[in-house]
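Structures incoming, each one as structure tokens.
In the two complexes below, subunit A is the common chain; its partner is subunit B in one and subunit C in the other.
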Partner chain A sequence: MNDMTAMDSTVETQRTKIAANSVNVYYGDSHAIKDVNVEIEDKTVTAFIGPSGCGKSTFLRCLNRMNDTIDICRVTGDILLEGEDIYDKRVDPVQLRAQVGMVFQKPNPFPKSIYDNVAYGPRIHGLAKNKAELDEIVEKSLRRGAIWDEVKDRLHSPGTGLSGGQQQRLCIARAVATEPEVLLMDEPCSALDPIATAQVEELIDELRENYSVVIVTHSMQQAARVSQKTAFFHLGNLVEFGPTGQIFTNPEDPRTESYITGRIG
Partner chain B sequence: MPRKHGNSLLELTDRTKRRNAAEARFKAYGIAAIAVGLLMLVVLVTTIFSKGLGAFQQTFITLQVELLEEKLDKNGNRDLDDIKKVTTFGYAPIIRNAVETKVTELGVETPLKGKDMAGLLSKDAAATLREFVIANPDEIGKTVEFRFLAQSRVDGYLKGRVSRDSIENDKNISAEQLDLVDALVAADVIEKTFNLDFILGADASDARPEAAGMGVSMLGSLFMMFVVLALALPIGVAASIYLEEFAPQNWLTDIIEVNISNLAAVPSIVFGILGLAVFINYMHLPTSAPLVGGLVLTLMTLPTIIISTRASLKAVPPSIRDAALGVGASKMQAVFHHVLPLAAPGILTGTIIGLAQALGETAPLLLIGMVGFIASNAPDSIASGLLSPNSAMPAQIYEWAKRADPAFYERAWGGIIILLVFLITMNTLAVILRRRFERRW
Partner chain C sequence: MPTFWLVLALIALSVAGFFLGRNRALVSAGGNSKDLHSLPSYYGHNVALSALVPALALLAIWLLVQPMIIDQRVSSMIPEETISEGSTIGLVMSDVRRVAEGLDLAVAEGAMTQEQARNLRSEFSDVRGRLGEIGVALGADVRPEVLRAAQTYRTLSNTGNIAMTVMVALVALGGFGWSYGRTHKDFRARNVVEQGILALLILAASLAILTTIGIVLSMLFETRNFFSLHSWTDFFFGGTWAPNFRGDSDLSILPLLWGTLYISVIALLVAVPIGLFAAIYLSEYASKTTRSFAKPLLEILAGIPTIVYGLFALLTVGPALVRFFGQGENGILGVEWMSGATSVLTAGVVMGIMLIPFVSSLSDDIINAVPQAMRDGSLGLGATRSETVRQVVMPAALPGIVGAVLLAASRAIGETMIVVMGAGAIAKFSLNPLDSMTTITTRIVSQLTGDTDFASPETLVAFALGLTLFVLTLGLNVLALYIVRKYREQYD
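Up next, the complex of A and B:
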């Protein structure tokens, strides 16, 4: 963790995983996202930063169509996952969400056992043929969530009994259990203490090896620590998008500079 | 220089004093209101128990009855058809003999004739005896000990309801009979004991209040509750889940929502007349049937269940739905796997409270004629089922309260105790369930 800073993280260009083209989002009459174009790469952590209400979470929730649950929300433009428009009429959001996992701001394990929390996704998607396979998936996911060693002896105790940081890592394990291609994280550390935050950040860095990770964060230090690409949102506009090192050291837009130096936000 | 808020913090300004006085007055009003409420409750409970507890005790007369063969089975071949030909009138002399024998045996002096002595017994006694003989024809010719119900005036005399002054114009009992009662009580032939038949037995005709019980109307209520549970729970829960989780927010759902709340406030008698018009007059379902009663009470209970179910669904935090949707569950999976189990205790509580409300409801039952008079005891009464006439607990209480004999009045209070026990049990169950499964987020 310590050797990883914005300055020395090398940026190699990866394959494009998600491409958003002129995306607009409306909540009733209010225009929440204005003409956003962004390309999210595979095996990369992309951070969305910006002041409260700038639309970064809204945009994140467009990427797995979680906004569908809000009646008044309307999305235009297209978002392509591996070249396929996820807002196409033929796309079932349920199938999409199995491929684009999500971790939420507040740890939200189901009030069930740790095992059942992780096994739920594979179960409803039929990923395991039998109990042994399911056990395997659960163990692999908990290992990926960097929580296996802490919970392996109490898989059947309730997930809600864990500490906040453990709960969040359990939620990450639950999200990776369905074998998604993209992992969306909506301020995953905002409810955690610094130690738990450090653990989760370390985990995010490891997840980069297998997934395309998109993280929304309020903390610029966190963005600098974990991401390779950073997008700065302001008032619904994507102001600047580029390699994290560049955004933090040499921003092109004066608004970005004001934000990262603490003058707005 | 004078300070704005009084000269010292240590002395109160007039304004503060007035404010404090107002607050103290308000608290006093509150305490007074609670005290009045508690006093009413105490008065209510003591009245119910002082008037109703007597109904759980009944006066019995123990007699050795010689089942004379020449009266009950003239042919002596124990043919059941012959035995059944003897009506209850045929049993009257046997009972008369038994009473006379007992009185003579005890050496009690009385000017009464045998018929008047037998008058201490309930009119039910002959029927009891006949039922016994038909069930056990082998006992004919033997002497069997019986505990007969005493008639209601004797029962009232032992309970203090009937006194020597009050019977002056009463043709059902005389002072001489009361003398005999005193003597028989002294000899332990007449005694007052707990009467299970009041709880489990059937209703009885006007002339035999001592034989009346709540049992059959309890069954009627039970049948109705089954109907309510079987209909109101699934319909109510399904409607709530749809409205809460799936329905779009528009003017139509707004209207439905407002009307459900309105339905909860509709007087129950309106549901009664609706049931009369729709279920009985239009659909031609039988009157007085628990099925119809259950349907009417279902209509009445539905809003309660829908409102409480929606409240408990709303109380499940949205983060749980997000979590389920986030791993790719469909909306229905999210609701049935996660939201509904978490809302279940609340739904259950609401259902029990709805049922308790339905159990105590009287007015709609009167309109659909759920005041059937059923004098057969269990198990015959159980077999009659959902479509044959029955009564319900509150309707039975109402019936008893209407009848002239003060002995029925006592039974009405006793019936209220039974009903209250049911209601308190159900409400306690609801509270326990809520406490036990309550989840804090």
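Up next, the complex of A and C:
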């Protein structure tokens, strides 16, 4: 409980980065997300918690339009990034995904060298004018991913040869390299051991200084440790959204309380 | 057909054995199938298999071995000096078999009695005329020793057939009796049947392998015969292919190998880009519905017999190419580069079309094996689909695709019908794709068709060519499988 009281004091109101208004998501005939309204703040870690199949990952994937790659998925409602509708016809989903980066559940480094993994995004988007600049971006991203010291001597060995925890931090560095404004993380620690998890959590806390981070997690302890705001999803509904400390100590909705105390889920 | 009835009787015995065995097991358990060690049908299967399998195996071996033994016994009866000039013991033996069959037929049709057939003497009777009356035409008058050999042949076959029937029946009944006697409620029929099935499966697998070994060995022997008649340096390093039957042929594989490889390269130039792009479209871009009808449609191409592709080459593609590159003033380009429809380009293009579904369906499988997480990772970084394909999916799938291309190449090298009909018959080294050329497979066909003498190097060269081809495609296949397998390990 010490963590939580410490967290309470750090909650300050930031400006809104992403605003979702009455978002509904359908997979074919099934209604996966029901009328969700949520505001995600800048320079804040927002955690989505809830039982399996509650729609938290689906909602996360709406925020950078990764659901576009699934044929049968349909999204209604508005999601505004910096006041602009990301589902507007004029918005290029490819451009959007560069602004809203994503880290996946399972570490998925490309079968390339560590350097090429990190340089992938900057190369595609033409962020570096020359080799020296690219080197600089790669080093900066790997430092932000808290993995520079471990890999600086073997930048050109394959990324798939790293350990699971290192791979996940490499993937975070890769996502950071394109200079996104928001970083989405879909259960980033579920495939990692406790030590690697602690390293990634520490990293998430550091990333808060520069980015708005949204993390989906199954672990309530993790949500309590790393986030300032928490959203609880249940059966496709957003049940409760508020400061993490309040959700965990004094939930308003009985369903939230049941989940947190382990009665449903 | 005694063998046919024998097999039918064996099957009947084993069916009866199934029911009897099952029944006996049930009776031994007092009708309560729960007291049995195994399910009742296992006892039935045990009896049925014991009656059928050893008997059938004996029958198969007997049918293979009996003619060999009889041939040997009978051929020793024919004195060396009666084999005329230019003939061989093999030819005389085929005469003997023919006379024996004629006598069988004569007896069957009632033209002779058994007694007459056995005691017929060519010294006193016109055997050729009498057999001719019942429709068995013989090339020459039957010599006394041939007739005697034929009569011995018949006697031996008859005795052999009777012995075979008796032995097979004994083995079947023995197997039946032994397994029926063992049937009891505590007998572990399930385990025994399991072992029997295992033995059958091993037998099938080893037959397939033995056949392959047999084919390779027969090619090896014939190839050795060829190299004893023709110098191997000319075969491997000579420059011309000019077989003639005067005995001074130039038989070099190099011009044929050149034609084979040239056509295969053109085929791959057609098949690899089209097949690969089709696979990328189907696996990365196409919606589920498009994929569900486009993929089977593409694979229909793979079901077209190669002779039909050959016709397509000869009647459609060849003339179309001639209209482009030939016919002088009347042609589309107004040039006179190509005179006949058969050319390297014709065969290569059509063979390429044949290989498209091969390349595309293999590549499609390999591209689909690249984990979705790779694509998500790339798309999540703001890459477009084609950037993802080019920079992430393709590099990950590349070893597998190389393997697929090598498999396609080995198909192309071994392909016969398309090149027989589309490539022409002239063996030469040329870089011009509009020339007609010939391949290893085409030459094998032409060296072995027609009236050939199986002792001349011009015919035996076909085996040397075939063996070289086999080694070539086997090498490519092994390399391809090695690459594909190595790649598969990465994601499993």
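One rule holds in what follows: the second predicted complex is superposed on the first by the 256 of 265 C-alpha atoms of A that agree within 3 Å, B and C clash if a C-alpha of one lies under 4 Å from a C-alpha of the other, contacts with A are read in each partner's own complex, and residues count from 1 in each chain.
Going forward, a residue touches a chain if its C-beta (ideal position, glycine included) is under 8 Å from a C-beta of that chain, and two chains touch if they have at least 3 such contacts.
Source: prediction; values computed, not measured.
On the superposed subunit A, the two partners subunit B and subunit C do not both fit; they clash. In the superposition on chain A, contact is made by A:T69 with both subunit B and subunit C. Within the superposed three-chain model, A:H31 lies out of touch with both subunit B and subunit C [touch as defined at top]. Once chain A of one complex is fitted onto chain A of the other, the partner contacts of A:F104 extend to both subunit B and subunit C. Once both structures are laid onto chain A, the subunit C stretch out of 27-35, 99-107 or 441-449 that overlaps subunit B is 441-449. Taken together, the two structures place residues 64, 66, 69, 71, 94-98, 101-102, 104, 106, 108-111, 120-121, 124-125, 171, 174-175, 178 of subunit A in contact with subunit B in one case and with subunit C in the other. Touching subunit B in their complex are the following residues of subunit A: 64, 66, 69, 71, 94-98, 101-104, 106, 108-111, 120-121, 124-125, 171, 174-175, 177-178. Of all the residues in subunit B, the ones that touch subunit A in their complex are 248-249, 317, 319-330, 333, 337-338, 342, 439.
Remark: subunit C residues 287-288, 371, 373-384, 387, 391-392, 395-396, 490 touch subunit A in the complex.
Per the touch definition, subunit A reaches subunit C in the complex via residues 64, 66, 69, 71, 94-99, 101-102, 104, 106, 108-112, 120-121, 124-125, 160, 171, 174-175, 178.
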